[in-house]
Amino acid sequence: MFSLEGITTNVQDWLFMKFNPTLALAIECVIVILLAISLFAILGLVLVLMERKVAAHIQIRLGPNRVGPGGMFQTVADTLKLIMKEGLVPDMADKFLFNLAPFVVMMVGMLLLAPIAFAKNFQIWDINIGVLYISSVSSLSVIGILMAGWASNNKYSLLGAMRSGAQIVSYELSAGFAVLTIVVLTGSLQLSEIVNAQQNGWWIFKGHIPAVIAFVLYIIAVTAETNRAPFDLAEAESELTAGFHTEYSGMRFALFFLAEYINIFIVCAIGATLFFGGWMPLHIGNWEAFNHIMDYIPSSVWFMGKTFFLIFLIMWFRWTFPRLRVDQLLNLEWKYLLPISLFNLLLVAVIAILGWHF
Amino acid sequence: MFLKDYISEVVNGVSSLLKGMRKTGYYFAHPKEIITEQYPDNRATLLMSERFKGEVVMPHDENNEHACTGCTACELACPNGTIKVVTKFEVSPEGKKKKAIDALVYRLELCTMCNLCVVACPSDAIKMAPNFEHSVFDRTKLTKVLNQTGSKIREGIE
Amino acid sequence: MYNQTEIIKDTSELGAEGELVINMGPQHPATHGVLHLVVTLNGETIKKIEPHLGYIHRSIEKMCESLTYRQFIYVTSRMDYLSSHINNLGCALLVEKGMAIEVPDRAKYVRVILSELTRIASHELWLGAMAMDLGAFTPFFYAFREREMITDIMEDTCGARLTMNYIVPGGLMYDIHPDFQKKVKAFITQFKSKVNEYEDLVTNNVIFQSRTKGVGILSAEDAISYGCTGPVARASGVSCDIRKIYPYEVYDKVEFDEVLETAGDSFARYMVRVKEMNQSIRIIEQLIDNIPEGDFVGKTKNVLKLPKGEFYTRVETARGELGVFVVSEGGTTPHRIKFRSPGFSNLSVLNHIAAGSKIGDLMASMGTLDLVIPDIDR
Amino acid sequence: MTNEEIKEYISSIAPAATFDETGEWLNVLLEPAQLKPAMAALRTGMMQMNYLFCLTCIDFKTHLTMVYHLSATTHRQSIVIKSNLNREQAVIETVCDIWRTAEFLEREVFEMFGVDFTNHPDLRKLILEEDFKGYPLRKDFEDPINMIKL
């Protein structure tokens, strides 16, 4: 069966055999960049289509069904349209920052891709402070949003950007704490070690109720961090028309749009890694036969399956709930999520010290 | 007690959210509930109500005869000047002069489908048809002459 | 025309230090039409809201001065297009009152049933749009599914889905469709089985409740002083249902409750409308099996002439009290006609209830006022 | 409350008032100068007319007539107050400090009929654009472009 396992080492060995080390490294970089960009493009297309289909089915509609079989190429057509559209820059906008902002948001998504383990032994950069790296880099995206809101010279954009600033700064905390519970259980910041620690069971099962609570907190916090409904205050369609990207059109808008979906993918991938064992197959205790069958499913399929389940969960939220108000959003974080996370972290620390987890 | 209130608030909040998610999840899992009508594709099966007020037409029978006497009742009843009756005098074989319509000009772009002309017509010469696909590229095509060329009034209608 | 710098100078003069003046509308997702609000903000807090109207002003009152008493009814469908049938009814009632035309019972029953169906359809649309204002997109589609059944009934019987023009002075334009009763009953069963969905998705939702409870509070005194009617006033505890106070048609023969809430906030306005739908169902259930046989239109003269004088009728539309005030000089057309539209008075209260709250609250307040812009501009 | 009692009461606050009972409701014709105090008395006095449900103006070609429909949410008795204004110089005092709904309704009458409401807090055009000339709902208003004579 096809597996991504070991592909990286094979490629590296071959490259080092053919070229001198510097050139090999350069070629590797190019390959990685190309792969990352193509992954972005494919993910963007797939996730947008998925969102539209999920929304449509929840809303008793059919969704896109004209372009290609079952509307499969709808997003391709949309992308073509966005590329060909004129990218307008408002007259009084700060042109440099206005053009830079979508790229900053995009860049953050790309940087976050580095430490994610897509399959067994298939990882761009297994940095030993992986979790720390993710939580620090992901908070950079607010800079892009603030930049876009400020540079547009539009009051709606500015309001949206300011909301986004307040939102991301506060929800970083509970997302961080939720991640921290797993770090406490594992005892490592490295993503590959976190995955390996879940060989005999995923943390969401092994960690008892605190892990479940941490997972719920994590999902809520990352939904807020990616500016998704019910926390989409930065865009808040019915209040601020389109929030921080009101003035964007054409390709720049497409980049924002793409970045939103990439961010969802990344936070869900991290969620899957931390709580659902990343590429680790589902193993149940001593059921040898069952475990063996599960091992036959490639690790990349496991990883993608878990990630897309979480993405579906976030989409499900979006099409069910109304939007919060800005003060309620901050109330939710500071009065509910943060105290619960702190308490939860304490519980997890006790469990980890006493070794109560499986 | 504060802590009890706090916990029950959280539990009630989460359970209300889960109830909503169950509802939307039900519809996601039941594609049979989808109510989309794929309009241009379902033209063959699309059932319009026979009373639907889409446009004013003048029914002609197989002899190319209509029932309009040119009394201008519809023109008077119309609130927006949609209908214009152009009359002429026809000379019957016996040499009697008789008023008849030359053209019943109907301007669809002015029509609000209020049905007052149909109600006003004493000889039921015009009626509403359920056709709703009126879009054209040229505005002048919306001005229609309802009586067909060469048509004449049916015998016996005064 | 203004040039760019003038506009910038203008807006900077409008706002004092620390204030942000933003134009909401006429093209804005939450204003549902072409309402233009000039909102003065201090951060996220609203200091003042100033409505600018007239983007869809067609001067219906002036138009009606040149239309006969048969013709002017259809124009009123275009005022409050969501309760167009009730608008038509109000105008027909005025003509019938002025000329003492006898309306057959059958017509009265059908008029009331269709009015209540219109009310449900209007509230369904409002419910969906209101949830959408607050960021929940899905209830819109569920609400429209039920509304679609009503519009189908309307299409069968009246020949149009939105601007019916089914009522003529003296009765109805033509008899009801043979399937009318069957379809209405099917709708009632469907509605009753689906109404709990709104409770799960919207009413009981903790986010929705926190967004609407205590938001946009309108006291009973202010509601009367601002001339608010309909669900907006009833949510503040003001009894103002025209169907109860001045019963017209057969409303005095049917049993229904006037829905009253006391909180006066957005959630109360929401609850009034949801409960009102159930009351409308109750009215329809009492009438649908008892439509008397007989003529659907009474005897009227060919040319209608109102006697000299002033006439006023009112009906309860989905948004509140619609008053039709006609000054007749005895001719075939009105000398002056004034529509006391419910939306106009309800809009005037917006600044009062939303000032001091957040931008998000404005959507809740404005959404629950249920503004239909053509009704306000006329 | 019978019409006689109301007439008596109104005569006591505005002696020059004339009455007309031919319509559905009691019509009271007041001089523009008397209107404001009489209205204030109706709102606060014995009648407690707290609900102004219709405020409009009629152009009778010779004069303008302001029409106020008053009612009360307690006893549901409606009366109509009228006041004749000069077409050339239509000035009347505002009632929007008595009933808040009058603020918008008077702005509408101001732009449509050209009635000047003194002491109105914010008398600007509400529906028409700022530089609109003429008063559209007056009978002598002509708009050669937008008005179509059938």
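The letters A, B, C and D name the chains in turn, as written, and every chain counts its residues from 1.
The criterion applied here is as follows: a contact is a pair of C-beta atoms (placed from the backbone, for glycine too) under 8 Å apart; a residue touches a chain by one contact, two chains touch by 3 or more.
These figures come from a predicted structure and were not determined experimentally.
In this structure, the chain pairs C-D and A-B differ in their number of contacting C-beta pairs, and the larger number is found at C-D. Distance between Cα centroids is largest for the pairing of chain D with A.
If you average the CA atoms of chain B and of chain C, the two centres end up 24 Å from each other. With each centre defined as the average position of its C-alpha atoms, the distance from chain A to chain B rounds to 51 Å. Rounded to whole angstrom units, the spacing between the C-alpha centres of chain A and chain C is 45. Those residues of chain C in touch with two or more other chains are numbered 138, 145, 201, 205, 207.
Residue positions 17, 20, 23-24, 35 of chain B are each in touch with at least two other chains. For chain A, residues touching at least two other chains, in rising order: 58-61, 319-321. Across the interface of their complex, chain D is touched by residues 51-54, 57, 59, 61-62, 66, 221-222, 224-227, 229, 238-240, 245, 309-312, 314, 321, 323, 325, 327, 335-336, 338, 340, 344-345, 347-349, 352, 377 of chain C.
Of all residues in chain B, those touching chain C in their complex are 12-13, 16-17, 19-20, 22-24, 35, 49, 51-53, 77, 79, 112-116, 119, 128.
Within the complex formed with chain C, the residues of chain A that make contact are 55, 58-61, 91-92, 155-156, 159, 163, 229-230, 232-233, 236-241, 319-328. Looking at the complex, you find that chain C touches chain B at residues 67, 70-72, 74-75, 138, 145, 148, 152, 155-160, 163, 165, 168, 173-174, 177, 197, 200-201, 204-207.
Across the complex, chain D meets chain C through its residues 22-25, 27, 50-54, 56, 58-59, 67, 69, 73, 76, 80, 99-101, 103-105, 108, 126-129, 136-137, 150.
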